[in-house]
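There are two complexes below, and they share chain A, which is joined by chain B in the first and by chain C in the second.
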Partner chain A sequence: MDWASVSDAEVVRACRAGDDAAWRELVERFSRYVFAIARAHRLGESDAEDVFQETFARIYEHLGRLRSDEAVRPWIGQLTRRLCIDRLRAAVRDPVLDDAEEQGEVDRRLTAVDEAVSVHEALRTLSADCREILDRFFCRDQSYNTIGELLDLPPGTIASRISRCLAKLRQAYEGRSGADPASGET
Partner chain B sequence: MPGDDLSALPVQGLLDELASASPAPAGGSAAAVVVAMAAALVEMGARRSPGWEDATGVAAQARAIRRRIVPLVQSDADAYAASLAALACIEDAPGSGRDEAIASALTGAADVALAIARAGTDTAFLAELVADRGEPSGRDDAQAAAVLAEAGTRVAAALVTANLVTAEGDERETAAASFARSAALVRSRMGE
Partner chain C sequence: MNENPMDEVRIAELLRELPPVPEAWLRAAQERPAIARAADQILELAETDAEFRRTLIEDLETALRAVGHEPDPRLVDTVRRRLPGG
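Now for the complex of A and B:
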């Protein structure tokens, strides 16, 4: 099965139906997200590993209680944040949580993580050609000349093609980022 | 002004730094600023073309190029100052392997200049798109952007050549020359 074209909600439904491959996909799809949230809370490697394990254990246990399959990502995000905070509280009183400014920084990082994950998920819905051209220009900093030579296209065409792919990405992003975290349940 | 951030200076402050007797910042930093200005003009032209379906994407690309090149204003000054310092040390103590040592000192400056040339060429391509498909009222600014982008690219390409003078056959020199030709070709297609 090509999971790249399967939505989060469909993966959740397949998990609930007992599909082992769907569970593997769920872990694969959200593992970076969970780790990124743990890092944003400045957890050490060992604590982050523990939060990762516990998060997916709880997902396994409580997935049936999720009210909206479409809200699985915000639900996982909320669950991970709670576990991170529990972990910090369990340690010797951590000044990070006592300092409003530091907490604001954590919140900003979490917002950035959420946005990055939404973009990443939206990217998965694009064609391989679009993903490649966006990756080459925005991530690898390749020039239009270089990309044009690789794809056998005139450099001037590359910029237009990137624009079309960005439009598709935006459409996919806006379609995915409207989920309300409050619609989930732990 | 190596070590600080030239790109954070007001225009007058940056010009004062360029005009000072200090060898850095110099032509490479100026080229980076010129290309960044060209990218900003392209972004403006795209933003002012709401009826063009690619406008948002072109604006995003111009913004990405601008963000990529702004740090190079300082990077070029740092690399140039570092290469001058290294050359001074080398000249004080000539000996075996001197050419290799000089090449090593200059190669960092060549890398920064090549990045400026690359961004300049890409900006020229975007300027052409804006001139062709954006709002007609923005064509003059798009042409200005292409002229600036070409100028910055040519300056940067010349600096790549100058910094690689001891490294015969270095592919960066070929790449820089190719960027300069592309930028000139695009600008000539757009007319004066």
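Now for the complex of A and C:
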């Protein structure tokens, strides 16, 4: 099944019906978002992993309580932020919440994460080739040579393809109307 | 349309904001339904078998092994949270 064209709400409904493939898609779809929120709170790797697993455990257990399937992303965002804050408080090693400057930095990072989610949602509307090349270059930080070897393309072609796909992504992003993933929290 | 068009440099920066998670984290989270189903079976058995229930409460890991489950930390944690008083 090609999940790229399936909405978040449809994935949630399929998960609730016990579809394991839908659950794998839900984890895949929201994994970077959860991870980025943990990074925004400057959790160490071990704490970030614990928060990541705890977040998906809670999502699995409480998916039935979600009031609006369309609001799954803000719900996951809120849940992850709460678990990050709990983790920081429990550790009592980084009084982030007591320091307005630090809190401002976390908020700024979270805003960037929400903005990045909109860009990644626009990315999902591009062709599989564009999605792959942009993900490899920008998100996985792979070099032209590495990508060229993996996709069997000369490095020069990689550069021009990235440029073309990035332009398409910008158009797709700007074509999205009022994309605001932070709205509609339950 | 968005009111403030973005340049491609900013778009690239935002792509970098969401790097992939380690593959092992992803797989562990994706296995959650199998863990939940295993926990369901174990707790059902505990409801009908008083001896097993007692072992489960006293020594959870041994009880899991006794019914053929490796005491995976996620399974241990899930069963412990769902046990009465857990």
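Things worth noting here:
Convention: the second predicted complex is superposed on the first by the 124 of 186 C-alpha atoms of A that agree within 3 Å, B and C clash if a C-alpha of one lies under 4 Å from a C-alpha of the other, contacts with A are read in each partner's own complex, and residues count from 1 in each chain.
Going forward, contacts are C-beta pairs under 8 Å (C-beta built on N, C-alpha and C of every residue); 3 or more make two chains touch, one makes a residue touch a chain.
The structure presented is a predicted model; accordingly, all values stated were derived computationally and were not measured.
Contacts of A:3 after superposition: neither chain B nor chain C is touched.
With both structures placed on the common chain, the touch criterion links A:116 to chain C but leaves chain B unconnected.
In the superposed pair of complexes, A:36 makes contact with chain C only, with no contact to chain B.
In the overlay built on the shared chain, the residue A:166 is in contact with chain B and with chain C.
Contacts of A:138 after superposition: both chain B and chain C are touched. A count of residues in chain A touched by chain B and by chain C gives the higher number to C.
Residue overlap on chain A between its contacts with chain B in one complex and with chain C in the other: 138, 141, 166-167, 170.
By the touch criterion given at the top, residues 53-58, 60-61, 64, 68, 118, 121-122, 125-126, 128-129, 178-179, 182, 186 of chain B touch chain A in their complex.
Chain contact summary for the complex, chain C toward chain A: residues 1-2, 5-8, 11-12, 14-22, 25-26, 28-30, 32-34, 36, 74, 78.
Chain A contributes residues 18, 20, 23-24, 27-28, 31-36, 49, 52-53, 56-57, 60-61, 112-113, 115-120, 123, 134-135, 138-141, 166-167, 169-170, 173-179 to its touches with chain C in the complex. Contact residues on chain A toward chain B in their complex (touch as defined above): 137-138, 141, 143-145, 155-156, 158-160, 162-167, 170.
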